[in-house]
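In the two complexes below, subunit A is the common chain; its partner is subunit B in one and subunit C in the other.
And now, the complex of A and B:
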């Protein structure tokens, strides 16, 4: 095979067995890899009603066909499993260099099943695979774990691991790769923790082969030039990182503030990418094969929050910033560093702390609940302390580490949890940007922006322009973005490549790489197939139409200040049209005709 | 004028496009292990450094080569070239190079070292950050020296 390695590696931690099987060429063609192929494995092998933290769940690490090539910004992989935060078919996407290395070791996917009797890590050196004792690394944070595992394996091994949060089965724990890149969302870290799997280390020396080298190089050169000529993909993200969005979203009136009580934060500029570049940026960083370099190597000198690492992304700058009523970038970046070390999802934890702050201000919880900490909005030191507590699994932090839904529900007020399907929404207020609200509500892994990033059109005017405050046309827009992104994720490409290229260029690269006659129509059909695969699984797991909604606040409480003052989200105007265009019935169930069209 | 490959670690983001371009140009496949250039990253410091053959004037790999397979090119300036047909794969060059920039690849039974892609290095073409340059040897020193002098200029401007 070209593009794919042709082999899937399977490790049963209960039996201590390692097996290999051939990658099915038809499945590879129809699902590409990463999110799509991994999703197919989980959806056909794992009972949707199984306990996500039980031994019957499986966790798949899968790169895509483009991963490991010089297709621009295409070095990604997905972690696919039944997500413990909310029970969906979860796919969590990460950059770094772990995905390509797995490919060079010879694998289109690594499937891990069962549960080890004691802490272990996996060491993969091409065809040699060992399940090793992890007693010496269990309990360590993610950078130390990476160093310790490398010392025991190979100094150039790529290490994917969990921190203490994943070990404690935090439902918002992540998996960190090469210290700084996260498979961040849906609580995938807890699945590794539940399996007693601390880390996966890999070193690969094999090739990714190309069907049409000349054609592939030409398609790649064209895609590179398009990204490099784009104001966001070519210059903006490298100069300011994703955090450049703070001011843009605030000026749109869609920067969720104080747990979504407002959509505008007057001092947001202090937390934006321009401030980060002036105060903390050491240099830009790129993932494997990246030409965009949105990563931030950053340094905080302020003794109260001193540290060195990577971050923050826009979402983290928002969750620990505006959402907590905080404009101290040093504290925000420190919170980000701590999350990376503990292995926690920055979006979910920041939003959970914001939820706790609202519960505190409303008197629903007091200092008796918070271990004596004053949790008013804007209390910078308290925010950082809460991150530490969540990471350590200490006191009130135990509750925070289970996410905002369980926190708010435990005090009888789930309405203050800003979640969709129990997952925290990110940094775009659906009252100020209508289409992103529909995307959150229909998101197959719950509140999430990277399933259908309509912000690209509604706010950033990337290729087309749509008024963020209208609902007309947003159902179709959402579907196009959701399907395109599902296929793009599965190819191994980075979403940010779309700041320059689209489905046509991805299709061209895939066709030349694999030698298969992919067309743009087939590429989009693959996206729809993957989307519906996830939908079908979620329905079997117990989700219904009633879960395709937003927190009541966003539907009834208008934004109080700023450019979107007075707006609410009009989900009811978009959702029925969305179901119709999707080819689903009025209960949101894919029709037989649709499934036939998608060969599902 | 002879050209040399110049590295700027301060501009390197660790993306390894150089390794991919090199292995693709020479092997027709993506295998960073087969690349003649490697960009190493230290994650804790967030630093990356590309490494490749410096085409030494007084090259240890040439000196130790018993067959003359590793030799200074007579047709191109600033190039230490490797002749596949006369090489006996004794690997002395890989031992002699103090930088580790000559390597034996078991998969293809070949010595891997930078050949500057016959004067048009692909790593330079694919580096998105200007961290690799193929420049006149006289100019590269001049540019670097002047860039450093500019720091003095700035310092003195502030106090004067």
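And now, the complex of A and C:
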């Protein structure tokens, strides 16, 4: 095989067994890798109704065919499992360098099953695989864990690990790699914690075989040039990072504010990418084979929040910022650093703290619940303290670490949880941008922006434009973005490559790499197949049409101030068309004809 | 369909109360490197966006002009909001301006 290694590594932690099997060439062609291939493994091997934190759940680390090549931004891998936050078929996409290293070690996927009797970590050096005692690293944060594991293995090993949050089975815990890059959303860190698996360290020395080296080189160089010539992929993201979005979303009136009670935050500029570049930026940073460098190496000098690390991304600047009524960038960045160290999802935790702040202001909870902390919106020190408590699993932090749905429900008010399918929504208010609301509602892993980033068209004018306030055409737009993203995620490329190239260029690189006659039509069909694979599994897990919705607030409570004042989301005008275009019946179930078309 | 389809203009955002200080123009990202400031208030509002941008290009010079205009038309790599509405859904360079409008000027930006 070209592009794929041809081998899947399987580790049974209960039995302590390591086995290998051949990658099925047809499955590789039909699902590519990463999210698609990993999703196929989980969907065929894990009972959708199983306990996500039980030994019968499996967790898959999978790069894609492009991963580890010199294609632009081809450093991605996915962690696929049943997500404990909400029970969906979860796929968490991460950059860094871990994915390429797993590929160089010779694996299209690492499948981990069972549960170790005591804390362990995996050490993979090409064909040598060891299950090692993790007693010395259990309890440490993610940077220390990374250093300790490297000291015991190889200083050049790439390490994915959980922090204390994953060990405590926080339902919003991440898996961190290279200390600062996260496989986040849906609480995948807790799956490792439940398996007593602290880390996976890998060192690889093998190649990625290319079918048509000259053709691949030409396709890659064309793609690189297109990204470098693009105002965003070439220069914009490097200069300001993703946090540059704070101002344009705010000026559009779609920056969720104070737990989505509003869509405009007057002092948002203090938290944007321009302020970050002026105050905290040490240098931009890219992942493996990246020519975009959206990452931020940052330093906070303010003694109250001093620290050094990476971030914040736009989502984190929003969740700990406007969503909590906070405009202190030093505190926001500190909260981000702490989340990376504890292994916590910044979107979910920031939104959960915002939810707690609303519960506090409404008198539903008091200082008796919050360990004596005043949790009014805008209380900067309280926000950072809540992050620490959630990471440590201390006091009120135990509730925060389970996400906003369980927090609000425990006090009898789930309506104040800004979640879809129990997962916190990110930083785009669906009342100000209609299409992203449909994307959240139909998202296979719950509230999520990177499953169908319609913001690119509805707000950012990237390649085409559609009015954010209209509903017409948004169903088709969402489906195109969802399918394209599913295929892209599975290829091993970064979503941000699309700020410069599209499906055609990705297809061209894949064809030259693998030697298979991929076309753009097949690439999009692969995306649709993966989307429907996830949908089918979720339906078997118990999800229904009723879960394809938004918090009532977004459907009935208009934005109060700013440019989108008076707007609500009109999901009811988009969802039936979406089901129809998807080839699903009126209950949101894929029809037999659609499944046949997708060979599912 | 949203009630705002076809309605076009919106009220200015809350940060610049109607009638408080005249028209507000805000700059973001690389536009700030061309202007050397984050924004300004204009006592006398230009009649439309074309007049505003022409006036600003005269003040800030070639880099700003090249960022906003392309062959006399609005550059495809600039995003301009009037009271939060992209002018591509209004009347482009012919979008009329009022004394208390807020105009936001962005280069192409993205993230996620």
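Convention: the second predicted complex is superposed on the first by the 600 of 600 C-alpha atoms of A that agree within 3 Å, B and C clash if a C-alpha of one lies under 4 Å from a C-alpha of the other, contacts with A are read in each partner's own complex, and residues count from 1 in each chain.
Methods note: contacts are C-beta pairs under 8 Å (C-beta built on N, C-alpha and C of every residue); 3 or more make two chains touch, one makes a residue touch a chain.
This one's a predicted model, so the numbers in the text were calculated from it and none came from an experiment.
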item: Which partner reaches more residues of subunit A (counting touched residues only), subunit B or subunit C; value: C
item: Which of subunit B and subunit C A:282 touches, first, second, both or neither; value: first
item: Which superposed partner A:104 touches (first subunit B, second subunit C, both, neither); value: first
item: Which superposed partner A:244 touches (first subunit B, second subunit C, both, neither); value: second
item: First (subunit B), second (subunit C), both or neither touched by A:206; value: first
item: Which superposed partner A:217 touches (first subunit B, second subunit C, both, neither); value: first
item: Contacts of A:119 with subunit B and subunit C, given as first, second, both or neither; value: neither
item: Contacts of A:70 with subunit B and subunit C, given as first, second, both or neither; value: first
item: Which of subunit B and subunit C A:290 touches, first, second, both or neither; value: first
item: Interface residues, subunit A side, partner subunit C - complex; value: 230-232, 235-237, 239-245, 247-248, 251-253, 264, 266, 269, 272-274, 294, 313-315, 434, 449-450, 453, 455-456, 460-462, 465, 467, 469-472, 495-496, 499, 561-567, 570, 573
item: Residue ranges of subunit C in contact with subunit A within the complex; value: 1-5, 10-11, 13-15, 26, 28-30, 32, 38, 77, 79, 81, 83-86, 88-89, 104, 106-112
item: Contact footprint of subunit B on subunit A as seen in their complex; value: 68-70, 97, 100, 104, 143, 146, 178-180, 205-210, 213, 217, 224, 228, 282-291, 293, 295, 297, 308-310
item: Residue ranges of subunit B in contact with subunit A within the complex; value: 10, 13-17, 20-21, 23-24, 27-34, 41, 43-46, 107, 126, 128-129
